[in-house]
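First chain written, first letter: the chains are A, B, C and D, and each begins at residue 1.
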Amino acid sequence: MSDSTKKHSATNLLWGGRFGQGPAEIMAQINASISFDKRLYRQDIAGSKAHADMLVASGILSAEDGDAIQAGLDQILGEFERGEIALDPALEDIHMHVETRLRDLIGDAAGRLHTARSRNDQVATDFRLWVREAIDQLDLALTTFQTTLLDQAEAHADAIMPGFTHLQSAQPITVGHHLLAYVEMASRDQSRFADCRARLNESPLGAAALAGTSFPIDRHATAKALGFDRPMANSMDAVSSRDFVVEFLACCSITAIHLSRFAEELVIWSSAQFGFISLSDSFSTGSSIMPQKRNPDAAELVRAKVGRIIGAMNTMMIVLKGLPLAYSKDMQEDKEPAFDAFDSLSLGLAAITGMVGDMTFNIDRLHDAASAGFSTATDIADWLVRVADIPFRNAHHITGTLVKMAEDKACMLAELTIEDMQSVEPQITTDIYEVLSVENSVASRTSFGGTAPVGVRAAIQAHRERLS
Amino acid sequence: MSDSTKKHSATNLLWGGRFGQGPAEIMAQINASISFDKRLYRQDIAGSKAHADMLVASGILSAEDGDAIQAGLDQILGEFERGEIALDPALEDIHMHVETRLRDLIGDAAGRLHTARSRNDQVATDFRLWVREAIDQLDLALTTFQTTLLDQAEAHADAIMPGFTHLQSAQPITVGHHLLAYVEMASRDQSRFADCRARLNESPLGAAALAGTSFPIDRHATAKALGFDRPMANSMDAVSSRDFVVEFLACCSITAIHLSRFAEELVIWSSAQFGFISLSDSFSTGSSIMPQKRNPDAAELVRAKVGRIIGAMNTMMIVLKGLPLAYSKDMQEDKEPAFDAFDSLSLGLAAITGMVGDMTFNIDRLHDAASAGFSTATDIADWLVRVADIPFRNAHHITGTLVKMAEDKACMLAELTIEDMQSVEPQITTDIYEVLSVENSVASRTSFGGTAPVGVRAAIQAHRERLS
Amino acid sequence: MSDSTKKHSATNLLWGGRFGQGPAEIMAQINASISFDKRLYRQDIAGSKAHADMLVASGILSAEDGDAIQAGLDQILGEFERGEIALDPALEDIHMHVETRLRDLIGDAAGRLHTARSRNDQVATDFRLWVREAIDQLDLALTTFQTTLLDQAEAHADAIMPGFTHLQSAQPITVGHHLLAYVEMASRDQSRFADCRARLNESPLGAAALAGTSFPIDRHATAKALGFDRPMANSMDAVSSRDFVVEFLACCSITAIHLSRFAEELVIWSSAQFGFISLSDSFSTGSSIMPQKRNPDAAELVRAKVGRIIGAMNTMMIVLKGLPLAYSKDMQEDKEPAFDAFDSLSLGLAAITGMVGDMTFNIDRLHDAASAGFSTATDIADWLVRVADIPFRNAHHITGTLVKMAEDKACMLAELTIEDMQSVEPQITTDIYEVLSVENSVASRTSFGGTAPVGVRAAIQAHRERLS
Amino acid sequence: MSDSTKKHSATNLLWGGRFGQGPAEIMAQINASISFDKRLYRQDIAGSKAHADMLVASGILSAEDGDAIQAGLDQILGEFERGEIALDPALEDIHMHVETRLRDLIGDAAGRLHTARSRNDQVATDFRLWVREAIDQLDLALTTFQTTLLDQAEAHADAIMPGFTHLQSAQPITVGHHLLAYVEMASRDQSRFADCRARLNESPLGAAALAGTSFPIDRHATAKALGFDRPMANSMDAVSSRDFVVEFLACCSITAIHLSRFAEELVIWSSAQFGFISLSDSFSTGSSIMPQKRNPDAAELVRAKVGRIIGAMNTMMIVLKGLPLAYSKDMQEDKEPAFDAFDSLSLGLAAITGMVGDMTFNIDRLHDAASAGFSTATDIADWLVRVADIPFRNAHHITGTLVKMAEDKACMLAELTIEDMQSVEPQITTDIYEVLSVENSVASRTSFGGTAPVGVRAAIQAHRERLS
């Protein structure tokens, strides 16, 4: 072990050793949150302003002190916006930074601001405000994503491509129809975020440490001032619960999963072998040695980002597992995963929206791929059922025989003669050739939600109205 | 390595070796789903009945065939209920089992049932129906859980216990108030499931393989017959999307996290050191050697079950990550995690509801614990602010000095003389003694959502109305 | 809410309601483990036999009782093997089943078997034995997987295919080289399992409930009899620790990730667009309507199984998070995830091994794909550095210009004239044409671990020796 | 929806909108890694120096250029150490920063450094070096943690405390014995990291982009120079594999789980109700209003940190799921989770080591708790087996009757008279009183690994030798 020890001391010099530090330093490092909760300065100040207003209105604080507090907080907000507040780990968190600066500015009156509240309800309020605003941002981004998809879907409402199952061509579909599937997903993602927003939009402010307060506060007033729908109904719950964070992260994760599926398709579609799309220069990277190459780096990164977003949700759930009420310091670990998931998801949404808006579909190649592989076989079977009244399972069997025949002859289904076909099933007439083109196949699928261009255009219109 | 090889062959005899199996057996094992999707027989038959009715109404199927199919399906349902259907791995899945049995019963007409649908939309329909019913079950269970909590909360609306932060007594609260925090959580859990239910309650039926169909089907009719709010608007999305499963599992996970927190409290509270509660014999296990002992096994298991529920959500998210459209066989892995999470959560809810209903609070011990540790210190501070108009931060400092004085004298705060108190802060009057009892402390916290018994009773009433 | 209640009662009849059950039934359901720990019967009996032998040797048990116990246990083992033991939830777990049956067979002497042990050390022993045997099975499976890969790698040591980055062709490689990458991964997976096995191979037996025992037992003897390397050194740790399960699941997860990467490649390679491989009929599924189709279902399922394996690891980690010593009932949740992960991984390994052994490489198509896209551009750059002593970065720039020229002329690099080339870089000579074929490119990469066939063959040989 | 849109535009001003940005900005943000891979500057420079030396030795680079490169790299290292290198997102990553600066310093010769390597093998090399050093740091931290535990264990080798199952007192143990359980866990954690280190300690350098190179490089030489055990044997694997990161994160996760269990115990033990330990002022936080209070914030944070560490492992596994070979941009997401897990774990280890070193055991309280609850009941049963030769199960039953008797009489077991005892079991003699004290109980458990102080001291000695 002596050899390994030597190695250690060598690297130790380079890494610095946490164990050379005293307890105070270690405690400061693990305990302080200002390095990340600084991001809550706007919410923290907004919460304090609403609280101070209410204290004045409730007769707990004098109007004079109230005015001083408001003016001080406004100034501090400006200082934060302009980056003039130096962060000090000794002041631990954003609340202490604001309060300390306020005392500098207005003196003892600052000490009255904390009446009838506690850091426990204060931080819960700040964080709910932040998540609410994050949701509003993501909602906007999801709208832009959908609009961009709709534009491409409209431009390619008739363009034919293979519809895949198992990454094998199954039936022809339209490009527009395929893109609309992602509009549906994004639309549900949006509605999921909206539900999450409605559920979290309750005010913890005034729950105080955990038990409420004996001051005659008006929690409904602060709730209203901060845009909350109502105050939370139980003070223990108000300071202890973080299900809103888990739910937010679940919404982010599901959205990110959808993006990862689309990104995977973009990577596959932009391979030379598929050649279905070309990504723009903006959203691909080249190579100095192979100038013709466009690597789908942005798509790959979007595909990968789902990892850290799901990771963040796991982080939060594990922190909460088995945690007794009310506030425990464990909860301080709630913010960084939410921040990271939001940043990753909004970046991913921006990138994929950019890619979708910029990309080019290689229409001919898509059409050829859709036509290959006897992709209209099910149309024959449906014709047999519809026209010749053959039971579905039998019709399938007959069609299989025809496909085998075409495969043996190395021809397309449409190239089989009527005699060939009738040798398999006498009821077949030449009408059957009509269903064999991919154009007719696609046009025939007019069932609600089907791939027929007419249905695709109707769906685009409906989505545009929803989003307008 | 020869030694290890020998060991292997020995154990191999006992374990059986997958590699002695032929490809066909391995493929059958990995491919077949009947071992778990048998659980969908009711949903599968219901979906087929609705589909057959619609085919008749749309003129795609004759009334005669339709009647035969309905009768046959009814009989099969009965056979499943009575356990008369032998499962056969060669028939792969529940759909083939039903279809094959139907052919036995009614002959070729069975082959017409599959007209204008595919296994892809069929399984998506079945599974949405199952999840919807699972949510209804969990909703009921959550209502019972809340009702049970409300009964205990009402019985202990005045009972005083310590309110903890960091597992340290912070302020006195009431038992009823603490229990209501879990009612709030369960109520949000319920609303989360309701949102999930509303979002998933759309019918994939008629999306067919992925592109829709050329048959003149009526998807609105089948949607209505199956209790769906509407048909899904895009056929690709209908067969490809499983976000409803992830969302369901997220709802389950969040609920399970709440249960794990409560279970942790039950374990701690039932320790000899806390002694806050006694679990009933029904929900604890004894020891033949220590008959006085009651191990909180059920609470520990509830605490642990959150692991597999979150595990199930991860399973589903990982399956979906980066999966191209439309149907891929990967999706077959969607059911087992949902089944297991539902079973675990409903069992956990039943167990914790049983525990809550049966458990006894040790009122005296709770009261004593609430009174210890200068737990009304914040009441002094609030008194100083309210009565003597001292800024909050200063009031805190003064109170700290009084607590230190009491600690040094090894007495309670209420045992400090008025002279002691005035030596620290001259404005203190004997009125202050009124706020020092835990009863008065608790009673004074009448802010909305606070722990005062009057507020607790009002909250119980509001919850009872919501749940009735 | 009355409407939803009605719906509930309807479905409730069908689902059965857990809340109609009494506490005893709920407790039995959540508490009993026999439904899954029955799988440990061999391990449990082996542990008991070793314990009984040791008790006799230590003079704690009479030889007569010892003989009766051995005979009884042998009989019970046979009964389990033959499926003659009826499982009874009232007997809770596998230990009680064995002990109760033993009492039936040999009477009171059965009661002496439990001397100096407890269910806590017994179950830990059983489970370590099980995991150890699971690892031995997986080790065998990983060897077979590698051998199968080596056979295919050897058969295709010279076959040329594109080497991808970003799913874009970057440089030509050999098929054998690509397959060897997975041999490397599997080999590390194997070594990881071996490390896990060595670390867990210590005996908890004799730790008793948690504190050890006052009986003069010989833990080294039982450890040796059961094939453990030594007894665990701390009795608290012996009954409390499950890191061996998490580590086992981490090994499974990493292996499953490797399989998912390979499975993804198989899915992509077997698409019509890539057409690199054909899966055998055994490991693909067809379609009655498209007999030419081969869906890579098995590959997709292998890709998906990683979800539940990682899910199982999460389950176990979450169960253990924040769990105080020593035994808590939470730990009963340790077995099912391990069983499921083992079953899923061994099935996945069998399936992918089958696929690899059976699949056909489409050599011509691979070669054509490798030749496209100026894939030997880096060979030009390397030639410029090596022969003309041009700095690497400049050589890259020159090559880029040549590629652009070829692209503009719509020709291959080898089709540029020497004059074309010299117009870009005068030092180029006709020697450069030698590096432009994919065969020469591949053959030139003879650096250790490179793709040159000679290196591939050497690596195959080295792996064969390691595995023999 | 217009109302919600208004809200959006308001907040949008405050948040800044990603969608106001052009594609180039979005691409730069998602693509650049310098914000985090700057942390690899030492490893990147070390790798380049080894590569340059090898190029000179192999005759690929002139000695002159080699000297210039070495001098330049040394200077750049110093500039990084002194914080003199300004990071530029346009230069994307750490490799480009070093290369660009080198070109500034030494001109065109810098362009020769990249001969026979690529960013793909370069970043894999850098990251393996980083993880290796991280492991060395954690190994040191784990040694210090164990040493600190051993010191406390030695000081409390005889101190008696309750041994818990289900958080219920089961049998008396010693404090030293309990602490040693964590030494065992930490020791396995250390060995797990050592295995991970050995497995990852292979050099990817020279794998080039993915296929190896045609330059006559010496990969064994660079491997040796960088302290690797050997070069990796397959170039595709070398650039594609990140199992070493997952394994590292699994080791971190398991260690963090162990810390979370200990932290949970510290939180419970420092509650007023348990009162088993007092944390030092350094590692607890007070309250200005309750100066007597010591909140175990540091323990809570250690308990919580396991969340983000497991989250990081999930992130990495999800990124790798289904990722085709060789390099994909997804892999850029590998570093941040590893950095965060390392930082969190090393901070957690430092904090818990500090807490353990500083904390005080409340010996009397522990002793009283150990004596309560008939904790020596199993000692009676063992006496009955040992001395009176009663089968274990019967002995348990008799003991249960005695405990019930003591409970009914509200006395300790030792306070039952011999007549009381003999009324239950006539073979009992007064010798039995010897096993009823917790001291004798503990002293009697001398089986290997048991809690007897003599065994604890021997184990401490063995651990000290291992660690020295």
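The definition used in the following text is that a residue touches a chain if its C-beta (ideal position, glycine included) is under 8 Å from a C-beta of that chain, and two chains touch if they have at least 3 such contacts.
No experiment lies behind these values; they were computed from the predicted model shown.
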| item | value |
| --- | --- |
| Over-half contact-pair match to A-C, picked out of the listed pairs B-D, A-D or C-D | B-D |
| Comparison of B-C and A-B by number of C-beta pairs in contact, larger one | A-B |
| Centre-of-Cα separation between subunit C and subunit B, whole angstrom | 31 |
| Separation of mean Cα positions, subunit B and subunit A [Å, integer] | 24 |
| Residues of subunit A touching at least two other chains | 165-167, 268, 295-297, 300, 303, 306-307, 310, 314, 317-318, 321-322, 328-329, 378 |
| Residue ranges of subunit C in contact with subunit B within the complex | 1, 4, 7-8, 11-12, 14-15, 17-19, 21, 23-24, 26-27, 29-31, 42, 133, 136-137, 139-141, 144, 280, 282-283, 285, 295-298, 300-308, 310-319, 328-333, 336-337, 346-351, 353-354, 358, 468 |
| Complex interface listing, subunit A residues touching subunit B | 60, 108-116, 120, 163-167, 170-173, 177-178, 180-181, 183-185, 188-189, 191-192, 195, 199, 206-217, 219-220, 231-238, 240-241, 243, 246-247, 250, 253-254, 257-258, 260-261, 263-265, 268, 303, 306-307, 310, 314, 317-318, 320-329, 378-379, 382, 385-386, 391-394, 435, 442, 444-452, 455, 459, 462 |
| Footprint of subunit D on subunit B - complex, ascending | 165-169, 267-268, 270-275, 287-297, 300, 314, 317-318, 321-322, 369, 372-374, 377-378, 381, 396-397, 399-400, 403-404, 407 |
